[in-house]
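Below you'll find the structures, each written out as structure tokens.
Each of the next two complexes has chain A plus one other chain: chain B in the first, chain C in the second.
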Partner chain A sequence: MSYYFCIIGSRDNPLFELEFGTSKQGGDGIARFPPEARQLNPFVLHASLDVVEEVQWINPQMYLKRIDHFGSSQVSCFLTPTSTKFLLLHLPHPPNTSPSLQNHGQNPHMFPPYASYTTSAPSSSLLTRASATGGAGNAATIPTNPASPQAEEAVRLFFTEIFEVWVKSIMNPFQSINKTLSSPVFKSRVLTAGKKFL
Partner chain B sequence: MAAAKAARVGEEVWKTRIDKVNAELVTLTYGTVVAQLCNDYDSNYVEVNKQLDKMGYNIGMRLIEDYFAKSGSQRCANFKETAEAISKIGFKIFLNITPVVSNWSPDGKQFTLTFEENPLADFVELPDDGKAQDELWFSNILTGILRGALEMVQMQIEAHFTSDVLRGDETTEMRVTLLRYMDDELPPDDE
Partner chain C sequence: MSTASLSSSTMTSNTHPSFTSSASTASTATTVIPASRPSHTSGLRVPSNRKTIYDRNLNRTRTAELSRASFAYLFSEMVSYAQRKVTGIQDLEKRLNEQGYPVGLRLLSLLTYRAPTPSRSSNAGPARPHRILALLQFITTTLWKHLFSRNADALERSQSSHLEYYVVDNDPLVNMFISVPKEMSQLNCGAYVAGIIEGVCDGGGLTAKVSAHNGGNEMWPQRTVWVVRFEEGVVERETILEKVGKT
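Right after this comes the complex of A and B.
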């Protein structure tokens, strides 16, 4: 699983972005987005803001769960009370392998090139591959199937942790609200949270 | 011995005679002041340090009266006793911290205050402009407070920070030097 995490301010302005990979199942924490996906990711997240706007007033929770998908990429959202959005895009694939390699043999001309456009659940080939390599159990489902309750719970814990460190960061008097978060401390805290939960 | 007594007094006064306020209020207020100064002086951090010291000086001159009124402590016999009183009574009753007094110079006129915690600097990360890390002493108001307070009780001191965890140092330390005791001097042109 590769992750692309982004914080969007209350005026839909990007404040922070970070790519990382899963650390579960022996993953090395490195994001393996295909080059095309890396360019698309910000657009995918931006597009999902429309969905956030739709659900934000009907859902009393801060954690809005999975709100959108594009190809096999899923987007989860956490909305703070001041309308700052934490968006997490997850692209499922077994740890330490590149997703583009797997799909290459099947259909090199598929768009988006790294996954099928139609399903929100991961393709069966991914699932079988994961269970073959990673074995069964709770941990196996997190990096391969973002729809599973375990994965949703993991993302919730991740967001809750981020919320906490984010609050600490914006309490810094030198940090302007709704300005880019460039603090290296915050970045490393996000990475730690990613390592811990995802 | 003096240290133990000072610690007892500090603890007692802190518990019984001090109005408490929310820590975030203090932290955010002070942080805003420093950030605003940095803004106003266009990130001229040397000048910001100076202004903070000046503000502290003005606070210290008043605070010393409050200190004696609340603590009821007596004149200190020597500078070592003064140092203990600063750490264990002064900082205790106003900030609820007791910086460690150490590293005395042989002549007993210089010591180091090591701040294990610093309520003024919670949440703070210095601006990442390549300058603040080397030039800004975020808590510099404290040096001014000590200078102002001690000047009102006939001690001329010099105080400056030598390290700060905000800059990535291991500890936050302030060096305090006694310059002289000011004995009932006449004002300069009062002949």
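Right after this comes the complex of A and C.
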């Protein structure tokens, strides 16, 4: 599972972005997006802002859960009271693609590491294939199935932690709400939260 | 509206271009990469006790009450600072309003963060005030309690305009120690609180203009009425959403 996290201001201006990978199930916390996906990710996130705008007046919750998907990547959203959007794009891939696991090389054709963005294969087929071949009964855990309640809860905890750090940063009188978040401490806090929950 | 934050308006006069820039930045999303600028780690200055703002707790509420004397002193200084080189009472009120605005923006997030989680669904988290009534109730209860340790005295809906709501305080703390000269009788230093309310409304996406007016009577000479006037589009959206039946 690779994650692309982005904070979008109230005027739809990007304030912060970070790529990281899963740390659960032996993941090393490094994002493994294919090059074309890395270029597409900001577009996918910004496209989902339309959905956020639709939902934000209907749903009073801050955590809006999964709001959008593109190919096999899913977008979760957390909306602060001041319309700052925390968006998390998760691209699932079979857990065995991590290079630290040895059975990766044995049958590479069985584990397509990434769903190509150009193919129109429905995401569910990739997921079922991943969980069927991944075996070991871990199909419902976070990296393989982003639709599961456990995964949603993990993302919620991640967002809640980020919200706290974000409130701390905007309490700073020299920081304004729509200014880019360039603090390295903020970045390390986001990384820690990602390591802890995702 | 105001772009400078409270302290930067008093210490420096820098404005924040990011807040005033238009929404066209979305098209340049791929080129603006704030997180991956390499030069920031070296120049970081950490306080001597190694505690950054990220290490501090946001939940200091019980023991964090400020003495009334120090508030009165600080506020009188803020008023006299705002009074420098003003052209008139309206200008002075506008400056006070601008000082309060960033406070309101921040308080909206902070108080939502501090709000207790509703017990019925433990994982829902506190809700955003996303409707006019919810927002006004947030202002008269949560915000007022945080600022003045009590609720506002009244919240009324205007008879004449469907855009206007009134927040009433019989004895506002900001006016307690301020005696306005006769030639400036129009002035109400509650304009600072009006700025806070405006910041909360704007931050929540329900754009409004707020002004403070003297509403003194025999019993409450300092009584102040804040007129919250929402934008036409905000009320329109509200009626549409009510019609659809989504609360």
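Just so it is clear, the second predicted complex is superposed on the first by the 153 of 198 C-alpha atoms of A that agree within 3 Å, B and C clash if a C-alpha of one lies under 4 Å from a C-alpha of the other, contacts with A are read in each partner's own complex, and residues count from 1 in each chain.
The rule is simple: a residue touches a chain if its C-beta (ideal position, glycine included) is under 8 Å from a C-beta of that chain, and two chains touch if they have at least 3 such contacts.
Please read these numbers as outputs of a predicted model, since none were measured by experiment.
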Inset, instruction - Answer with clash or fit: chain B and chain C placed together on chain A by superposition. - result: clash
Inset, instruction - State whether A:Thr80 touches chain B only (first), chain C only (second), both chains, or neither. - result: second
Legend entry - Residue contacts on chain A - larger count, chain B or chain C: C
Inset, instruction - Quick one: classify A:Val51 as touching chain B (first), chain C (second), both or neither. - result: neither
Inset, instruction - Answer with first, second, both or neither: which of chain B and chain C does A:Ala147 touch in the superposed model? - result: neither
Inset, instruction - Have a look at where A:Lys168 lands relative to chain B and chain C in the superposition and call it first, second, both or neither. - result: both
Inset, instruction - Could you tell me if A:Asn178 is touching chain B, chain C, both of them or neither one (first, second, both, neither)? - result: second
Legend entry - First (chain B), second (chain C), both or neither touched by A:Phe16: second
Inset, instruction - Clash-wise, after the superposition, say which stretch of chain B runs into chain C: 91-99, 109-117 or 163-171. - result: 163-171
Inset, instruction - Could you pull out which residues of chain A sit against chain B in one structure and against chain C in the other? - result: 168-169, 171-175, 182-185
Legend entry - chain B to chain A touching residues, read off their complex: 24, 27-28, 31-32, 34-35, 38, 122-128
Inset, instruction - Under the touch definition given earlier, write down the residues of chain A that touch chain B in their complex. - result: 168-169, 171-175, 182-185
Legend entry - List of chain A residues in touch with chain C within their complex: 9-18, 39, 42-43, 46, 49, 56-58, 60-63, 79-83, 153, 156, 160, 163-187, 189
Legend entry - Interface residues, chain C side, partner chain A - complex: 3, 5-8, 16, 18-19, 21-23, 25-26, 29-30, 32-37, 40-41, 44, 52-54, 56, 58, 102, 105-106, 108-110, 112-113, 123-131, 134, 203-205, 237, 241, 246
